[in-house]
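There are two complexes below, and they share subunit A, which is joined by subunit B in the first and by subunit C in the second.
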Partner chain A sequence: MTERYDVLVVGAGPAGLAAAQAAASHGARVGLLDAQARHGGQVWRHDVRRGAPRAARKALDALARRRVEWLPQHQIVAAGRRTLLAETPQTAVRLVFGALVLATGARELLLPFPGWTLPGVTGAGGLQALAKQGWPVAGKRVAVAGSGPLLLAAAATLRRHGAHVLGIHEQAPATAVSAFARQLWRWPARVAQAAALRATLAGVPYRFGSFVRAAHGIDALEGIDIEDAHGSRRIACDMLAVGYGLVPNVELAALLGCATDDAGTHPRVQVDRMLRTSVANIYAAGELCGVGGLAAARIEGAIAGHVAAGAIAAATDLLPARERERRFARLLARHFALDARLRALADGDTVVCRCEDVALAALDGFDDARAAKLATRCGMGACQGRVCGSALAELGRFPRGGFRPPLFPARLASLAAADLSLPDSSIPDLST
Partner chain B sequence: MNAAGVVRLSVDGEPVAVPAGSSVAAAVARVTTRFRRSVRGEPRAPVCGMGVCFECRVRIDGVPHQRACITPARDGMQVNTDD
Partner chain C sequence: MNGYDLIVVGAGIVGASCADEAAAAGLRVAIVEPGPIGGGATACAMGHLVAMDDDPAELALARHSLHRWEEFADLAEAEFSRCGTLWVARNEAEAAGIAQRVARLEASGGEAHAVDAQALYRLEPALAPGLCGGMLVPREAVVYPPRMALHLVRRARQRGAVLYAGRAARRLGRAAVTLDDGTVLAGPTLVATGCALPELLPQLPLRPRKGHLLITDRYPGLLHHQVLELGYADSAHGHAGSSVAFNVQPRPTGQILIGSSREFDVADPSVSAPMLQRMLQRAFDFMPALRGLRAIRAWTGFRPATPDGRPYLGAVPGRADLWVAAGHEGLGVTTALGSAQLMLDLLLGRTPAIDPAPYAPARALA
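Now for the complex of A and B:
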């Protein structure tokens, strides 16, 4: 099956929704797809108890009035020229596009430490997402740890779902967090947001310079070791939600040949000021261009959507707003920089590649992801290195390896459906 | 989903009810902490909550390796862990 769109948007988070809305406002036939069953992405994820946030509902209402085809549970597994191959729970479909807006967002940075594979240890945003989709946390003792403002948002969601949040352990020192807070007045909406979170979290300890050194348990989590300036102590808990910030999801962009900026620890998609990638007719918006937060994602989505539909003037009007939000992102990155000790938490026996159970010591001597993969299977499993590859890059071992199709594990029938016979578009080349 | 806004399914043969809109992961969590075994036999459960890490893989209606965290729970589903 093949569908054609003037503008195809990958990812239905804030950036993708804004892109679809902007492109459709100029009369383009727009397709909006996501691997998830609902719109919203991560930050606007629907909550089984509270619904979607108001801003998300407004964005969806606006979209409903436009000519946008919603393609839920579409996982992109391969790409060819002007064509994506998507797998759905039932079938596979080829999506042919005139212009493509990539809004694939970011995932959490998960760092290995002893015990991190125990059931009960999740990402911070990870447990937030699970709870919003009905994961039972009521009455559970939950420790929240890692870095960045996401910890507060996660803790607030968990508390609203009835969890007993034992504490929030921010690895950044108090001096860095208060220096960050002193700059916040420049973004008044952020001040209001922070105040609302603090109100929800009244009574929950927020510790700085504090991190999880190890998790303990037999078949599931029973307790964690918390380290701070006063030393290490063990606390009993049922769940640990720990995340160290976000990593751009660049896999699809890289597969399409879009240049990435590899200067930092984690690659991000290179775009010009109009959000054009290095490949003609492919645009990128939001976190995959460098983690910038919700407001930046919405503005960039709108810019990319306008440009993809050929409306340069409408996009240009939004450029100053974008720059303002990107300044906020740089502020965040500076003040929540990771403590070097976090890169030394895993010992030789700690599993780094969770898919293939490869311990850190097995990777000693490798300075290249591909060589390590061939010798140890590290990064060869179902997540295809999304977890261990980013962690190993952060640990300073080696950068994440190349991106090859299929982008996600796919059914043979889906790949077979990457029928190469259509004249107007090439087939995904699965041999590279 | 029935009128009460509850979805009823089975996890490892046990009947489970979850609020409408819940994921399969939320249903499994009500029955067991172990979603799958790793290649070395360790118990594993969801981590990322967003379809990236693949630690939540279960068998749904006979189809193996389905990500429980991004699959909506539906009435009558038969879910099996520990494949």
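Now for the complex of A and C:
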């Protein structure tokens, strides 16, 4: 089956929703797809108890009035020139686009430490998402740890779902966090957001310069060692939600040949002011261009959607707002920079690659992801290094290796159905 | 002084085997490799240790090599798994050729049995109905080539070999090699650079032949043998611009490795969706149950192919102290150990274990 769109948007988080809406407002035939069954991405993920947040509902209502075709449970698994191959629970679909907006977001950065693979230990955003999907956390003693404002959002969700949140352990020192807070007045919406979170979290200790050194338990998590300025102490808990920030999902962009900026620890998609990637007719918006948060993602989505539909003027109007939000993102990155001690938590026996059960010591002596992979299988499993590759890059071992299709584990029948080579004449062209 | 008894250029499975063999013979060895050990074609290969019977010379080299592989049957790094090879016949015509193939393999010292259709499905219940029996070669195995290359280089180093890691050979002089950082190594030189051979020895014709492979998630128990179609040799040894053949392998992890495709005149290393599609359709024809399995990665590699399909093993004509071991096409993992032994026989003036004439590089210049 083949479907054709003037503008195809991959990812239905805030960036993708805004892109679809903007592109459709100019009359383009827009397809919006996501691997998930519902719109929302990470931050606007549908909550089984509470529905979607108001901002998300408004975005969806706006979308419903436009010519946007919603393609849920479409996981992109391979890509060709101007063609994507999506797998659905039943079949595989070939999607041909005139212009493509990538809004694939980010995933959580998980760092290995002794005990991190015990059942009961999850990502902070990961547990937040599970709770929204109905995973029972009520009455559970949960410690939240890691770095960044996401911890507060995760803790708030967990609390609303009845978890007993023992505390939030932010690795950044108090000085950095308060310096950050002093700048916040420039972004009044953030102040309101922060105040609302604090209200939800009243009574939950928020500790700074504090991190999880190890998790303990026989078959499942029983307790954790927390380290701060006063030393190390053991606390008992049922769950640990720990996340060290986000890593851009650049894999699809890379597969399409879009250049990435590899100057930082984790690659991000290179875009110009108008969010054009290095490949003609492909645009990127939101976290995959560098972690920037919800507001940046929405603005960038709108910019990319306008440009993809050929509406440069509408996009240009939004550039100052984008710059403001990117400034906020830089502020965030600066003040929540990771403590060097976090990179030394894993010992030789700590498993780094969970798919293939590879311990850190097995990687000693390798300074290249490919050589290490060939010799130890690290990164060869189902996740293809999404977790361990990013962690090892953060640990300063070596950057993550190259990508190959499929993007996600895909049925052989889907790959065999896919003729991704297309004659040029069958491609709608919107380029200006 | 950077003087050696032998400088091995390239540490794929072939160079690694030669370096190991030379170090074991007491030679002072240097190894030059710009990338990861075994990171070239060796890292892309299926690692099937297989005797092909359609060329007597290739069969002799493979047979000799398979004997040598037995030494590593218990080595963890080799990930040696004796799954055996099962060749399947699509029709009576293919089945009719089996008796002769069995005879040729047995004559070379191997073990092979014809199997009827009933036995075929007992061996591999997931095969598509309607196949006409096949041939079982029970003692053949699969290995994990890049770790094996790494093991051989480590063993050579334990015997004194010196590894010039991250360095490439730029120029071959008279009993000397100049590296890309200007270092000059002195001594007889053996070039084992696989597909890169023409960069150093353009007089020896060699073409890269692209292949695709795909690995699935873990499905233990679905497949038991390396299974190929008997028509495989037509794909492997034919000269068609592109071809595919049914070739599947059970990895010790329970994963299934699926091949194979062959393409000349393609330099782009990216996975080609149409080629993958053809290869998978071919595999489904023989094993429909593969359709529902999940793929976790597809990749490509380039086989170093000589015009007649045999490797160049021996002295480079007209050049003193210059040797070559390259061009093993789709069988280099299998034949690396025998190739290395032959090279050392020639280098040291020992009586060669097998007739070296079919592999003599001089044939390319004739």
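The working rule: the second predicted complex is superposed on the first by the 419 of 432 C-alpha atoms of A that agree within 3 Å, B and C clash if a C-alpha of one lies under 4 Å from a C-alpha of the other, contacts with A are read in each partner's own complex, and residues count from 1 in each chain.
One rule holds for everything that comes next: a contact is a pair of C-beta atoms (placed from the backbone, for glycine too) under 8 Å apart; a residue touches a chain by one contact, two chains touch by 3 or more.
As the structure is a prediction and not an experimental result, all values here were calculated from the model.
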Three-chain arrangement built on subunit A, subunit B and subunit C clash or fit: fit
First (subunit B), second (subunit C), both or neither touched by A:P409: both
Partner chain(s) touched by A:L110 [first = subunit B, second = subunit C, both, neither]: first
C-alpha centroid angle, subunit C to subunit B via subunit A, nearest 10°: 80
Partner chain(s) touched by A:A333 [first = subunit B, second = subunit C, both, neither]: neither
First (subunit B), second (subunit C), both or neither touched by A:I235: neither
Partner chain in contact with A:L319 - subunit B first, subunit C second, else both or neither: neither
Partner chain in contact with A:A382 - subunit B first, subunit C second, else both or neither: both
First, second, both or neither for A:G80, with subunit B first and subunit C second: second
Partner chain(s) touched by A:A179 [first = subunit B, second = subunit C, both, neither]: neither
Of subunit B and subunit C, the chain that contacts the larger number of subunit A residues: B
Gap in Å between nearest CA atoms once subunit C and subunit B share a frame through chain A: 8
Contacts on subunit A seen with subunit B and repeated with subunit C across the two complexes: 381-382, 409
Subunit B - residues contacting subunit A, complex: 18-23, 25-27, 29-30, 33-35, 38-40, 42-55, 57, 65, 69-73
Partner subunit B, residues of subunit A touching it in the complex: 35-37, 42, 46, 48-49, 73, 89, 107-108, 110, 117-123, 125-130, 133-136, 219-220, 351, 354-357, 381-383, 386-387, 409
Residues of subunit A that touch subunit C when the two form their complex: 78, 80, 85, 368, 370-371, 374-375, 380-382, 384, 404-406, 409-413, 415-421
Subunit A-facing residues of subunit C, complex: 35-39, 43, 146-147, 150, 214, 216-217, 258, 271, 273-274, 276-277, 280-281, 283-284, 290-299
